[in-house]
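We just call them A, B, C, D, E, F, G and H in the order they show up, numbering each chain from 1.
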Amino acid sequence: MDRKSIRELLEQYKEGKISIDEGVDALSQLPYENLGFAQIDHHRELRQGFPEVIYGEGKTKEQILAIMKSLAEESRHNVMATHVSVEKADFVRNELPDAVYDEVSRILYIEQKRSEPVDETRRILVLSAGTSDIPVAEEAALTARLMGNAVDTCFDVGVAGIHRLFAHKEEIVKANVIIVTAGMEGALASVVGGLTDKPVIAVPTSVGYGASFHGVSALLAMLNCCAAGVAVMNIDNGFGAGVLAGKINRMR
Amino acid sequence: MDRKSIRELLEQYKEGKISIDEGVDALSQLPYENLGFAQIDHHRELRQGFPEVIYGEGKTKEQILAIMKSLAEESRHNVMATHVSVEKADFVRNELPDAVYDEVSRILYIEQKRSEPVDETRRILVLSAGTSDIPVAEEAALTARLMGNAVDTCFDVGVAGIHRLFAHKEEIVKANVIIVTAGMEGALASVVGGLTDKPVIAVPTSVGYGASFHGVSALLAMLNCCAAGVAVMNIDNGFGAGVLAGKINRMR
Amino acid sequence: MDRKSIRELLEQYKEGKISIDEGVDALSQLPYENLGFAQIDHHRELRQGFPEVIYGEGKTKEQILAIMKSLAEESRHNVMATHVSVEKADFVRNELPDAVYDEVSRILYIEQKRSEPVDETRRILVLSAGTSDIPVAEEAALTARLMGNAVDTCFDVGVAGIHRLFAHKEEIVKANVIIVTAGMEGALASVVGGLTDKPVIAVPTSVGYGASFHGVSALLAMLNCCAAGVAVMNIDNGFGAGVLAGKINRMR
Amino acid sequence: MDRKSIRELLEQYKEGKISIDEGVDALSQLPYENLGFAQIDHHRELRQGFPEVIYGEGKTKEQILAIMKSLAEESRHNVMATHVSVEKADFVRNELPDAVYDEVSRILYIEQKRSEPVDETRRILVLSAGTSDIPVAEEAALTARLMGNAVDTCFDVGVAGIHRLFAHKEEIVKANVIIVTAGMEGALASVVGGLTDKPVIAVPTSVGYGASFHGVSALLAMLNCCAAGVAVMNIDNGFGAGVLAGKINRMR
Amino acid sequence: MDRKSIRELLEQYKEGKISIDEGVDALSQLPYENLGFAQIDHHRELRQGFPEVIYGEGKTKEQILAIMKSLAEESRHNVMATHVSVEKADFVRNELPDAVYDEVSRILYIEQKRSEPVDETRRILVLSAGTSDIPVAEEAALTARLMGNAVDTCFDVGVAGIHRLFAHKEEIVKANVIIVTAGMEGALASVVGGLTDKPVIAVPTSVGYGASFHGVSALLAMLNCCAAGVAVMNIDNGFGAGVLAGKINRMR
Amino acid sequence: MDRKSIRELLEQYKEGKISIDEGVDALSQLPYENLGFAQIDHHRELRQGFPEVIYGEGKTKEQILAIMKSLAEESRHNVMATHVSVEKADFVRNELPDAVYDEVSRILYIEQKRSEPVDETRRILVLSAGTSDIPVAEEAALTARLMGNAVDTCFDVGVAGIHRLFAHKEEIVKANVIIVTAGMEGALASVVGGLTDKPVIAVPTSVGYGASFHGVSALLAMLNCCAAGVAVMNIDNGFGAGVLAGKINRMR
Amino acid sequence: MDRKSIRELLEQYKEGKISIDEGVDALSQLPYENLGFAQIDHHRELRQGFPEVIYGEGKTKEQILAIMKSLAEESRHNVMATHVSVEKADFVRNELPDAVYDEVSRILYIEQKRSEPVDETRRILVLSAGTSDIPVAEEAALTARLMGNAVDTCFDVGVAGIHRLFAHKEEIVKANVIIVTAGMEGALASVVGGLTDKPVIAVPTSVGYGASFHGVSALLAMLNCCAAGVAVMNIDNGFGAGVLAGKINRMR
Amino acid sequence: MDRKSIRELLEQYKEGKISIDEGVDALSQLPYENLGFAQIDHHRELRQGFPEVIYGEGKTKEQILAIMKSLAEESRHNVMATHVSVEKADFVRNELPDAVYDEVSRILYIEQKRSEPVDETRRILVLSAGTSDIPVAEEAALTARLMGNAVDTCFDVGVAGIHRLFAHKEEIVKANVIIVTAGMEGALASVVGGLTDKPVIAVPTSVGYGASFHGVSALLAMLNCCAAGVAVMNIDNGFGAGVLAGKINRMR
């Protein structure tokens, strides 16, 4: 409700078109009505260019199927669900033969629109510190790809053998956004953050044992990254990193 | 050291210009020499367009003065130190009259190059949930400004009175990057993250008491943000948020 | 033991009806005898209008059966057990055919007295932020219903798409007590708490992964809720929320 | 601004006492007043039946003064600020002689409307386990009183000498809502919760040392309270308990 | 090997029944027997009045059998192993038919010396707050019994229905030592600690969910017990409580 | 008020020295005296054999004075307050010249009854691992002494130089109860617990830095003590250890 | 590839046995071999004197096989993988019959070079506090052995029966480096650290329950070790302890 | 007590030189007497070549003075105290003019024996990640120097500008032992650990803010170091690192 609407309301009341109680009601609700709820919704659809993504954990296979179906019908974009087990994926794919399941990242998706990157020269690079971090890295990479980005990956380049990382200097330099996935002490984020002036997104993984506390050691390390301005995601949240990288990558 | 260098080295050895021991030495050091250390350094200077920033905590006033002096002489860019107390700032400003101290954000800086934003149409918006979050918000805002960005601020728009936030819908819509600073339960990041498709950077603050555990409650809330792709910084790290926002804002 | 009892005791002693040792014994136990243990018990039964509720976890199926049987015989009210697995429920229902098992909330109950709400105009509203929070939300709703309250539910209205919440403004406005169940960052409690002047009960759920730490992130967020006066329950404690809502709802 | 004020404004406009532009101005400002550093939520009174309460920590004395002034002018209700130090209170009281400072609870308030309880028969009882919990208990009690409730207090009735608690059985029985403040092991909430069928609000305090971890031991104990349906607040959050008790107490 | 055995050995040697080498051998092995994987502390009986107790977790069934056999042969006292699974117990009992397995407390024992309490008038009382705490309570009770104490138990007397506890006032008064086992908020220890002047041993149990954190809530509550001088054990450590109660109970 | 006082009161009444109303008054006040801010538990002496002990932290000097005065008048036993600062002690001693302040343990006490141990042959031994643990050790020792026990102390016998401990073997052997105070890794409790068959009470202290987390490392170590049956107290709770040792020591 | 291999390669090239392109190829691949999922660090042998060790957790059996094969071909040293399950070990051993699997330590290895210790007089001693710590102790011992060290072990010598430890005084005295593995309260590290002037490496194990928090109690205890200069490893990290001991042991 | 002593004792008893009771006494104490306490002490003095080091925190200035005096008189070695404040140092130096105070490391020491390193070719290298880590680094360096080692330092070589570290490759290569001090994310330890085959000792520092949790982030990172075999010390424990480095450095 803007100034114009308030003016109209005042006039309607003066002219006796609405009672004083109707006026009080309308005005006391002003802060909420001001929102234009449906518009915001529409707005998101229009601008994010991607329907809601399904978080598969804690949903039944029937729920996942129903939501995917509905989204696929309503949208021309790709549709995806994360954290999907093999069993649930099999069930859904039986009904939706177009659905594809990536076992490493545990993403189930329907590629309605050929996911060709809008711009091949703007590339997202996904690094993993070790082999065990690959599932999280692949979740980030596939998410970004399905949202229309050009993505490169480069795995097992942790800092204990730092020459393995430096061997990929060229990919690092040409990347537009870099995602770093690392468990244990998560030091890769700090080293990469110091090598580039591009946005770096750090995803701690739950890889490790003992005092890694299921990813807490990497999470704290990344939050305290001595390279300035590194973005941190939740533990194992490759999906979120892919989304953020995509948002940044399409800026111009 | 690239393939060409290795080839030359092999030839030099064959021609007897270097002994076998010299050859072994050079080659066994290959992974490090491959780096071109000084080049990387130069590269950073060239592309980051901003000299190193001084973390003032745990440094003496003499150390801060010396580093600022050196940086100001070597660079044509703005020079800044964060986490600087009034006492240290006074000491430095006695020697460096060009230095300016912002008491709210506790940043001490020398504006060598008039910090006019490169592009007024690409704006960073800094939100604070409460009045007590303003110092962290201002640290983010001033950092981004000194790095050449157009910055807007909008304080005390926490979710307990959500109409205060929605009243700023226009600033939110027109912003290119949004920084959200919030203590306590940090819910503002989730709400803002759901309203925009632009990158959102969440900075938990240590505002609160009891079970806020000096910012841990806000940190965890932001890491678990239900809006996808929100970047999280360390508690009270307004500086890092400003740097990341600046990196994203100059992409095109 | 009140002043009158002490007076009588003193007189009995003076009159020789009790020995000095009997007097000392009676008086040295005064603080405990003062309690009227059985009366308190009776009092609770009388006023709470609901027999003890069985916590099914860590009890054998035989124990649950025995307690339910005994309660059902002694009381005319509904009888319920929470945290009951399918296997235990099947075992009990074999013996007690009147028992009903709700698989979502994992509550096993006997509806001895038709659970029609005492007052249809005083309604409890149970909200869930996501689909995965529904089991906890249903535990709260069914508990409140079995205790004689009118209950409405409204699921998947988390703050990342805040228009989904605002679409239910009318239910929120007409509710007498509101229960909010949310995992991850638990922000829904803050937003709802700011929209209403009715008591809000927040139940953090263990929904999430990584740094949600099995509900700790939502718990801390809710304890630090910027909306004043929100009641917080233990993680996943839908039952407790239902009980508290019922206690509040019957006040007049 | 409450419903009555809106009604008056509408009438003034109809009667020509204010122009349409004055009306629009007044109403479009309805939700909040922007002081720059703070966006005062005048609308809260409408939504919550009490004006915004100022959290004094992390605000300068000038900021507290400005907000109190604005609230006192816009509202006919009592105005209060919590967590206010003696120094800040002295400064504000110099300018606002009507302001009263309660040193125990550290609340600064202006009693604009004589805080006589709406209903003397509906009483809130505030218990404290020890003498050191009194400041938190008093914060709860004064908050509830300023919001128009009849409040009783009963201090130092912790469970280590349980007869001290049982001596107050009558107050417990006649209370409409009970607030329990306790540090250390917080067991008082469990015992009281088992004695009454009225809503119990538990406030853990930071009283204790060593493994009390500044209130965490009491907080966890209260969240795990074996008496069903006890509402828990943040550590030391007497204010929140007072607000919630007030919300419940006015239900009918 | 107790003092009596040493005495016999010395006499046998003096009387020439064993050679000096046999004597040296026997005595130099006195402190322990080395099984390779375990160094059995036969000497403990001398120091502690009871042979070493086997912690069954993390030992193979063969290891438990070997150690029990060795202990049973070297000692005239009862022999016991804690934390023993049904499978391991079955295996050992096949070889050692005298061994008895208590499924509730998961203790496997050989009663070599009829465990009649030395002194029936000095009784240890074991309380449990709930039904789910019984396994820990029974571990404490059986341990104390096997060490020669008179033990009473009294279960499900938690503070939420405090009259249940007070109904057992007589057992509490006549007990020499009291063990309290409780999960969740562990408040029973505080109440019992305030009712008696006898030593109270508190054992937190892992009973509960959510913010009970597998017994941490009860542990912290008990450490912060407002009743002075309550002894606290590790979470679920009924065995330790039984040992300590036994040590105290035999003092005179 | 002890059993003897009740007996005297009854006799005085029978003999007509006091009226029935005076008798009722005296006896109905028996459990406690209400000072407003504190409800003094005079009855505790009867239940626990020692009057209530004042926890000085968080009480004003006036409050401490009032409670000590009241206790000293009502009891014939020693009166003590713990955690008392020098300033508060000075204030109280001005008014109560009999009060003595021990600066090391920060205990303020009035020795009404010459604290000669009931039984010199039953001794409590208090050990400290380091010099910095002495304040806690002295708190335990003085508490036990004031309750009528014979106490020995032996400081700085930590396990890093284990011969220092073994040099005190005789004190250890002849002690009836042993209190071990230790910070850092708290290993002394385990070693002492393995050397004796007498009850051992372990008090973790907050001595240490970094990952000692103000006593948490010692607390966890003691809770996990491999010597069976060691009683653990809260961090720095020397007072509780003294009370427990006294309770155990008087058993016979 | 070690220095000797580089030397041979240079000579082969000089002698014309390989072309310059073959030489360049071989040398540019020197630092690592890219298997796609893993970048094997063949160069590590040169830098660290031992080939890369495979962390078996989170790798498929096919990945472990491929990496072991590649390492075994490229190196003349022993090859090992830690944290390998029986199933994975069986799979690999089917393909690589030379591979040996140690079930206790869960290490899979190929002994290419007879692991005879370089120097029998320089011995590493591995102690375990209990029987349950043996797997971690064996991981340390086998790692050190495969790296060419003389290793002794001595198990179940925890401090609760300290004479068991002192019985091994001679092994302790003659050891060059000592590894202590202990769970629960980890006190063995402190006692051993005080008995020797040789480097002591402490490995906390996850042995214990309740407040041992899966090894945290032992970890904190060891970090706070009152014996100066004890090296601490991650929880259960026997492998790391073996590596560090080996590095120290070969110094001269 | 060895086999020979037992033999002698048996013979003495047979010959009647000792009574049976004396024999039993001696033998039942066997495990302790076996230790030769004083010998161990002497042994340590003899072999460690360094007297006890005083931990200055929690000791009075008088205590520090007394211990330093005693140590300086009894020993010909250097004497040192750590964690000493300026005030305490001034007090001690007044009495002991030979004492030197290093303000950066807060070490107070008496250099009785000119601390010339035994072997200049065996060098310890101390690295610091940042300027703020220098106090801890200097504590390590000075400790090692006073114990007779050649020490080099190299500060502010953190991984965010990794070329700064690589510029010191030569010092790293020629060092015999390396100490890494780092706060925040502690990544320097991992990078250095991967570059050298020499023992690396990692000291987390409390440098940082927010989620560094006073050094916990660096501690966890170092414990989870992906470079194998890095020794970790307590947070800020430069002293321990110096001692361990010294122990390793003198091995040969």
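In this text, contacts are C-beta pairs under 8 Å (C-beta built on N, C-alpha and C of every residue); 3 or more make two chains touch, one makes a residue touch a chain.
Computed from a predicted structure; not experimentally measured.
Between chain A and chain E, the least number of touching-chain steps is 2. The chain pair from F-H, B-D or E-F that repeats the C-D interface, sharing more than half of its contact pairs by residue number, is E-F.
Inter-chain spacing, taken between the CA centroids of chain D and chain G, is 61 Å. Measuring from the averaged C-alpha position of chain B to that of chain F gives a distance of 54 Å. The centroid of the Cα atoms in chain B and the matching centroid in chain G are 40 Å apart. Between the CA-based centres of chain A and chain B the separation comes to 22 Å, rounded to the whole angstrom. Residue positions of chain H touching 2 or more other chains: 30-32, 35, 40, 44, 130, 161-162, 194-195, 210-212, 216, 219, 223-224, 228, 234-235. Of all possible chain pairs, those that touch are A-B, A-C, A-D, A-G, A-H, B-C, B-D, B-G, B-H, C-D, C-E, C-F, D-E, D-F, E-F, E-G, E-H, F-G, F-H, G-H. The residues of chain A lying in touch with chain C in their complex are 32, 35, 37-38, 40-41, 44, 52, 55, 57-59, 63, 83, 204, 206, 214-216, 219, 234-237. Contact residues on chain F toward chain E in their complex (touch as defined above): 47-49, 53, 176, 194-199, 201, 219, 223-224, 228-235, 239-244, 246-248, 251-252.
Listing the residues of chain F that touch chain C in their complex gives 3, 6-7, 10-11, 13-14, 20, 23-24, 27-28, 30-31, 43, 46.
The touching residues of chain F, when paired with chain G in their complex, are 129-130, 158-162, 183-187, 189-191, 193-195, 208, 210-213, 216-218, 220-228. If you check the complex, the residues on chain A that touch chain G are 130-132, 134, 155-157, 160-161, 163-164, 167, 207, 209-212.
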